[in-house]
Amino acid sequence: MAARKSSQSHSGGLELLFSNQRKHKVSIPSTSDATTGQPSNVAFLIKWLCDNLMRDPRKEMFVLDDTARPGILVLINDADWELEGEEKYELQAGDEVVFVSTLHGG
Amino acid sequence: MAARKSSQSHSGGLELLFSNQRKHKVSIPSTSDATTGQPSNVAFLIKWLCDNLMRDPRKEMFVLDDTARPGILVLINDADWELEGEEKYELQAGDEVVFVSTLHGG
Amino acid sequence: AQPRRWPLEKHEYKRYGRQLIMPEVGLHGQLRLKNARVLIVGVGGLGCPAAAYLAGAGVGTLGLMDGDTVEESNLHRQIAHSTARVDMNKTQSAMEYLQSLNPHVNYNRHEFHLTPQKAIQIFEQYDLVLDCTDHPTSRYLISDACILTGKTLVSASALKTEGQLIVLNNPPRPPGDALGGPCYRCIFPKPPPAESVLSCGEGGILGPVVGVMGVLQALEAIKVLTARAQRPANGGDWSTNGATSEAAPKATLLMFSTYNTPQFRSVRLRSRRADCAACSAQSTISRQSLTSGSLDYVAFCGATAPINLL
Amino acid sequence: AQPRRWPLEKHEYKRYGRQLIMPEVGLHGQLRLKNARVLIVGVGGLGCPAAAYLAGAGVGTLGLMDGDTVEESNLHRQIAHSTARVDMNKTQSAMEYLQSLNPHVNYNRHEFHLTPQKAIQIFEQYDLVLDCTDHPTSRYLISDACILTGKTLVSASALKTEGQLIVLNNPPRPPGDALGGPCYRCIFPKPPPAESVLSCGEGGILGPVVGVMGVLQALEAIKVLTARAQRPANGGDWSTNGATSEAAPKATLLMFSTYNTPQFRSVRLRSRRADCAACSAQSTISRQSLTSGSLDYVAFCGATAPINLL
């Protein structure tokens, strides 16, 4: 099964959930389901990150209802994922996905 | 003769020399000399900009001794051209060349 | 003989000369600044530098709102206060500094924290609002009140070594008008879990980080106020917003991270959300619900005592 | 019984608590700031905000150098001065503000403009230098003196709606050592034609633009001072610079442009130049040539009266 390379980075404190590392280059399967051949999308990436990369047990700080929790912006190649189809966006090799936690301090 | 597309932009007041426009998308010939087939490099781009795009008569505000004048940084795809071979860097389609005039105010 | 009346006073040409001579401001821009009324909600790490540069630029009326008093732990970043003014209300402390920087500005002090009941009536006295507060509760309230009163909102935040900045409701349009810029609820329809919210007191903050964001808020405010667009004299709808296309305007988020390379990043966010609770045709938030106090922002954002988790 | 002696005074834990609790600063970083001596050359649009945030952060000794007096036209952007202090020397005016913000810093006033003759002797009293001046003449002089005295230099500039920032000689190494960061002459070996140099007085300047650059200078200074690297106690060579590789370090230029999209841009510049007049093995600039006054920076940069061209 071919791997789809994608780099993802964290901002706004989220790196604390991922071994305190800001940038990760990850290779995910190019299909999320071998039988249907469904290409991997962002929903799959989020689940994959939770299962494979997140060291912190508090999954609820990253996901809620199988998607990024409220207060986390998901950016695909410097644009809000809402402009790209949200969870259904199919990842391309080399895509950069950024998870940003909103800040509230002042 | 094929054209080589390249976008260039100005900063630090240089746009005043180029019709007060910050960004220009230009197509330059892919070879600077039809007989030798010499690929177009940054030296050729600078001369081409002077001849074709610069509306201001004060060429000395942009070039000196056939190269960018002192105080102008030339950046090729977000790196100093000195890291890329300076004037001899051969332009690729889609390259972004930025001319930045140093600021001195404070 | 009576001399021809100049649009600015003589001392104003002197004081604002360095910005007046720039085509981006010019005499027209300076007059717009002079006629502008800007409200700064929160006179802390963001509000102090934002107020300094807006007062410096000659904004006609500057409103300062904060119910807190100055603490010694504020002074590493809240540069309009001073050691001698510890325990003084922050709006009073900042005003002493601002008066000495530029006495030609009208300063309004609102010596209390913003509440839903007061928001509409106060925001109506201003042209533009800066959110310099530090909690989701106030961020939703300020955004809602800006939509209901038709004000552009310059919102920033900072924590530890990072900052964020976004200009909302720009251009300002009534709820349901897709040509208005998105509001805070368009970007964040649901509040973050309360346990994920950290204040600067809990998470820490580097002074220049919040300082940079506050100065950039002043700059965005000046850009909005001096833009070429025509604004009706008495605060009604904007007839034109300076945008050349009639496409639904998107917001841009500027992110800053001290130890990242590059430090700054600009990302394109969405336009207005068709089902936004505040700015869409289906809006459920009204002047009445705010003023009556029936909207409970604290309950909406969950527990008020943030837990030190993230 | 005598209580255990704490490394900081009680009030310092309070005042600096919000930065102390961050791992990027911590107690060690705060002690480094307290022991640090920082010189700010130029107390104008860049120097005022830079000084405010460095004083706020608790830098132990802050040197302020400027021979100018405060003018009304400075006040839209030089936020450490005040209307009542117009005509006062800028270092005196700024010190009054800074003292009231943080009285626990030692402030040194250098009430004159920098000259080649004085540069070495003054720079040797400090650990780090901020170039907040406004002319190529001083920019070359400050860079040369930083190379000769082994100081890292945080240099910024601004004009109209744009700004630039670069950290030079970082890490600081003697001339000829390729593991030192580049200097100003490495990046700009030849000065610009005098007629292309515009000051803020001639070209104009938007207050928050120069403000942002000044605040970012304070941040870069704090980053350098609190970095994990070990610095010898008495200002000798740095044994390690915190870099993991032994490659020649490159400089990064941060560019800001108010009306550009994106507003900020970081570009990679070169490492030390093998034939640099100041920092290479072939250096022709010495302590002697500076101190004796034999180096003429004004002649090097051409005519002193800039012509309003670009």
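Order of writing sets the labels: A, B, C and D. Residues in every chain begin at 1.
Just so it is clear, a contact is a pair of C-beta atoms (placed from the backbone, for glycine too) under 8 Å apart; a residue touches a chain by one contact, two chains touch by 3 or more.
Protein names from UniProt, one per chain: A, B = Ubiquitin-related modifier 1.
Just so it is clear, the model here is predicted, and its values are computed rather than measured.
Student: Compute the distance, rounded to whole Å, between the mean C-alpha positions of chain B and chain C.
Tutor: 40
Student: Would you kindly tell me how far, in whole Å, the mean C-alpha position of chain C lies from that of chain A?
Tutor: Averaging C-alpha atoms per chain gives centres 31 Å apart.
Student: Got the chain C residues that touch at least 2 other chains?
Tutor: 160, 200, 203, 205, 265-266, in rising order.
Student: Line, ring, star, complete or other: which describes how these chains touch one another?
Tutor: Chain contacts: open path, no cycle.
Student: Which chains touch which?
Tutor: Once each pair is checked, the touching ones are A-C, B-D, C-D.
Student: Per the contact definition, I'd like the list of chain C residues that touch chain A in the complex.
Tutor: Going through chain C, the ones touching chain A are 42, 44-47, 131-136, 139, 156-160, 162-164, 187-193, 195-200, 203, 205, 210, 250, 253, 255, 257, 260, 265-270, 309-310.
Student: Which chain A residues qualify as touching chain C in the complex?
Tutor: Spelled out, the residues of chain A in touch with chain C are 11-14, 16-17, 22, 58, 60-61, 64, 69-73, 75, 78-80, 82-83, 98, 100-106.
Student: Would you pull the chain C residues touching chain D in the complex into a rising list?
Tutor: Against chain D, the touching part of chain C is residues 11, 14-22, 24-25, 49, 52-53, 56-58, 72-73, 75-77, 79, 81-84, 100-103, 160-161, 200-201, 203-209, 211-212, 215-216, 218-219, 222-223, 252, 254, 258-259, 261-266.
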